[in-house]
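Heads up, there are several structures right after this.
Each of the next two complexes has chain A plus one more chain, namely chain B in the first and chain C in the second.
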Partner chain A sequence: MSKTTRFLSALGRGYVVLLLAFLYLPIFIMGLMSFNASPFYQLPMKWSTTWYEALSQDDRLVGAALNSLQIAIITTVIASILGTAASLAFFRYNFKGKKVLQTLLLPPIAIPWLITGTAMLVFFYGVGIGRGLHAILLGHVALALPYVIIVVNARLQTFAPELEEAARSLGASQWQITRRITLPYIAPGVIAGGLFAFAVSFDQFVVSYFLATPGQTTLPVEIYAAIRKGFTPEINAVSTIIIVISMALMLFTARFYKFGGNG
Partner chain B sequence: MSGQSVSMGRRSPAKAAAPLLLPAYLWLIVAIFLPLSAMVFFSFASDMPFSGKPWSLTLSNYAEFFSSSVYATLLLSSFRLALEVTLWCVLLGFPAAYVLAKVFKGRTREAVFLLVILPFWSNGLVRIFSWAMVLRSGGILDTALNAVLPFKINIDLMYSYPAVIIGLVHSYVPYIVLTCYLSLQAIDDSIIEAARSLGASRLTILKRLIIPLALPGILAGSVLVFVPVIGSFMEPRILGGRTGTFYGTVIEDQFVAVFNWPLGAALSFILLAVVLIILAAASPIMRRAT
Partner chain C sequence: MASVEVKNISRSFGSFKALDNVSMYFEDGGFYALLGPSGSGKTTLLRMIAGFDYPDTGHIEMNGESVERVPLEKRNIGMVFQNYALFPNLSVFENVAFGLDVRGVAREETRNRVRKALELVQLGKLEDRKPHQLSGGQRQRVALARAIVINPRVLLLDEPLGALDKALRLDMQVELKRIQRETGITTVFVTHDQEEALTMADRIGLLKDGKLVEEGRPEEIYNRPKSLFAATFLGDANIFEGMSNERGITLASGETIAVAGEKPASGQTGCCAVRPERIRIVSGAQQELENVVEGRVERRLFAGNSTTLFVNHKERQIRVGVPNIGSLVPADGETVTLTWAAESTVPLARD
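So, the complex of A and B:
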């Protein structure tokens, strides 16, 4: 390796470190400030868990957090089941219109949430579904479904259809084949898809924002309202908790997907 | 048993697939496709339908967009914002993707790659909020710079256009790193070696070889950044303050503050048209990239 090459490589590595700093520093500072006793973020820091204690007393934020968790869990279950079923159909059968159906998975991902969210508001209001937690759930499942289908499909690509054929020729019923052979094989994909669904729902702000009502909100909606009123250190604390949860979840998904991915 | 499997084989594939597909697609129809259609319908309404007030079908909401320059100007400024954010993301993200694909190896590469895409799966709102901590006057950036600099400066980027740019670039740069990394990784090192041994300079290799080959990845990433940014409203609200009025924030206002839903629906639909045109124009390139 020439001297210039080595110099340029070092420069490149240094640059990536800078970019990582840009990505993580604000989050790190927010976390740090959530432990600062001063409500005006004064330095030097005085360590304290005051804001976390205040947070646990804040019924609105705690209630919204529980709503978020509940909706994310139900979204995960529904989207995983419906999404896996749809993936199996795409894997097993060739039929007219398959391409069209697969293309229809893109709009929920590609159209800005502002448009999807306002459209849901207009429609749900018009047909009497209304707003509230049920409407938020309805929206979250729809946003999560394409991710589950795509992730499970990716796992199914590595599955040998001959396995299903062999089981069928040995007299296994369709349900037995699915339950004993196919599902165990694609389980890592289903779990990864489910974790994506959880993340999509738990971190979702825009769509929830348009479908929430004063009593029925999720955590990000409540945080947005609080920020616009003028932010308090409690918001720091709750934001830190959220970011730690979602990053831990994604790290877990990444490990799972990788180690589960090969079999 | 074998009779059953024969009959299964004879069943048309579409009929066999239907029960598996129906629940998921019914859900998507109710929660995505009917709402999008309803929004088109609403955008032609004179007042809110189903609210008891009299209403009729009209073009006035679209007329309002085209008659006053306010909305077109806002759409243009959102367009400019999205363009600037995309440009910054490419400038910052492409070199990182290159280092990731061609300099880092093995476990380090995996770890750094994970670190780059990790924030993008965490709460976007919270990450925008974290910049408020850094950028406001008396914030961390301010305090840190004043601690090291011999003279007193006052950094108050909060509630400004640059703050909105910084926050959005922070949110979306991982997309560019991801897509560029995928297309850069596909470039065979031996091609680069061959060009070098034929005497091409680094700059020539970059200009004539690497960038053209990575172009699908750059463009795909740009679309992934541009489309959500042109519809952004939360980021300009939090970081832009009064300077943060864009097309997205005006749509938000129609639905949560002014309660002129038909106008909001028309504005949303115009944005959707712009987005669809961009996606359609980019789809041949995107298909080549994946």
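So, the complex of A and C:
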């Protein structure tokens, strides 16, 4: 290695370290402070689980967290099933307007959630769906669907159509082909799409905020309400729990889907 | 097992005529090649026999029974795809067993039949491997076993050896022929490689632009082609064009090429072909045949088992195949006398 290459490689490594520090340092400090007994972030730190205990006593936060978890799981299941079915239809059949439909899947991802949320509120109010957990669930499924379809579709792009043809020639029915050949192959895509759906729902604030009713709300909305009343380190505690869950999910996905980098 | 007959089949994709009134009979237990350049319709025909596609007009019969409206999964055919299409998530055993599983064959019987099929293709020891752990030749054998194990009425192969390298291809040609003979399954394969068609098939159907140009045994179609296309697509041929008369065909240069067999009516334009390997180089007292021309060796192309000489004769270049049997090959620039029999000169119909 020449001197220049060595210098550039050191520079590159330094850059990556800085980037990761920028991403993780605030999160790390928040996690640390959730274990600090002082509500005013006094140093040196005094180790304590006070805020986690306080959190477990807080029925509103715990109730909202359970709501969030429930909605995220149901959203994941519904969006994965509907999205996978839609992807398979796009893959297998040629029908009129297919290109238009496929193209129309992309804009919802780019439209700000604030606008989608407002639109949903107006629409749900107009057609009588109204607000509440059921409306939040409906909204989350709609938000998550494009992600599932795009991810599953990407996986299907590497699936050779001859495999389905071969299975058919061997006498398999459409259902046997789907269950035994196609689904096992696209399973990593479906799981990745499902995790995306989970993340979209669990982290969702804007749309949930619009569709929530005072007693019935989700965790991000409840945290926002709590912060407005005055910040307590309980929020650090609940945020830390969410981060641990989210990161575990993402690392799990990365293993399945090989996001960035190999292996 | 069954005989297959396609009758007056046509199929268009938009304004493109993929198949144009094709009829062909595939005898029970026969080994057939559909040969033609890309776009000739050979794959479309194969996919139609399989049931992936339906003809616009015409009929397909198996054992005299009309099947053109029977869906693929009910036709009971064995299909081997060009890229093998092995199921990546299943083991070799599971791949071969798939067709029996979906038919609800009992576990014990499935195991016996899969084992037998794997033995037939000499892959007995690899049943637990996944497709990605196999070599190209092994994948080919798995695909074959998977297609055969269901006792198909017809075995269809799409460019079966296209993805293999040359040495393996020769092995597989012998293997395919052996397996076909042992099972006795009516087999149709598609290829663009004339050598593959000639070595493996009992009969060849030659296609061009959606039409069946010629059909016959390999020897027939190679030695006595009826059309210009068959003469030039299957192997190499020197083509002579001119006016037809009783002796043969008189060229523009005034020479007459002696032709045996049925010629176009006298006074009409016609053409004939002679294979390079049928032309001999004579010197001195050696006996000359009906056709004799002199020329100068322009260049030579060594191909291992033979050398092709490009001999200039008047305005024309004649290709001569000299087998590599240790005899002296004329040098560049040398003047040679070429001779060939009227028997070796085949009259052709114009396309």
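Just so it is clear, the second predicted complex is superposed on the first by the 257 of 263 C-alpha atoms of A that agree within 3 Å, B and C clash if a C-alpha of one lies under 4 Å from a C-alpha of the other, contacts with A are read in each partner's own complex, and residues count from 1 in each chain.
Definition applied: a contact is a pair of C-beta atoms (placed from the backbone, for glycine too) under 8 Å apart; a residue touches a chain by one contact, two chains touch by 3 or more.
Everything quoted here is computed from the prediction, not taken from an experiment.
Enquirer: Does chain B (first) or chain C (second) touch A:Gln176, or do both, or does neither?
Expert: Touch partner of A:Gln176: chain C, not chain B.
Enquirer: Which one hits more chain A residues, chain B or chain C?
Expert: Larger number of chain A residues touched: B.
Enquirer: With both complexes overlaid on chain A, does A:Pro39 touch chain B (first), chain C (second), both or neither?
Expert: Neither chain B nor chain C is touched by A:Pro39.
Enquirer: Under the stated touch criterion, which partner chain does A:Arg168 make contact with: chain B (first), chain C (second), both, or neither?
Expert: both
Enquirer: One more residue to check, A:Ala160. First (chain B), second (chain C), both or neither?
Expert: A:Ala160 sits against chain C, while chain B stays out of touch.
Enquirer: Tell me which partner A:Tyr93 touches in the superposition: chain B (first), chain C (second), both or neither.
Expert: Touch partner of A:Tyr93: chain B, not chain C.
Enquirer: Quick one: is A:Ile227 in contact with chain B, with chain C, with both, or with neither? Answer first, second, both or neither.
Expert: first
Enquirer: Which parts of chain A are in contact with chain B and also with chain C?
Expert: 168-169, 171, 173
Enquirer: Which residues of chain B touch chain A in the complex?
Expert: Answer in residue numbers: 1-2, 4-5, 8, 12-14, 16-18, 20-21, 23-25, 27-28, 30-36, 38-39, 42, 49-50, 92-93, 95-96, 98-100, 103-104, 112, 114-116, 118-119, 121-127, 129-134, 138-140, 143, 170, 173-174, 202, 227-228, 230-234, 237-238, 248, 251-252, 255-256, 261, 264-265, 268, 271-272, 275, 279.
Enquirer: Considering the complex alone, what residue numbers of chain A touch chain C?
Expert: So the residues of chain A touching chain C come out as 160, 162-163, 165-173, 176, 180-181, 184-185.
Enquirer: Contact residues on chain A for chain B in the complex?
Expert: These residues of chain A touch chain B: 8-9, 12-13, 15-16, 19-20, 22-27, 29-30, 33, 40-41, 43, 82-83, 85-86, 88-90, 92-97, 101, 104-105, 107-108, 110-116, 118-127, 138-139, 141-142, 145, 149, 168-169, 171, 173-174, 199, 202-203, 205-206, 209-210, 220, 223-224, 227-228, 231, 235-236, 239, 242-243, 246-247, 250-251, 254.
Enquirer: Report the residues of chain C in contact with chain A in the complex, numbered from low to high.
Expert: Where chain C meets chain A, its residues are 50-52, 72-74, 76-79, 81, 83, 85, 87-89, 98-99, 102-103, 146-147, 150.
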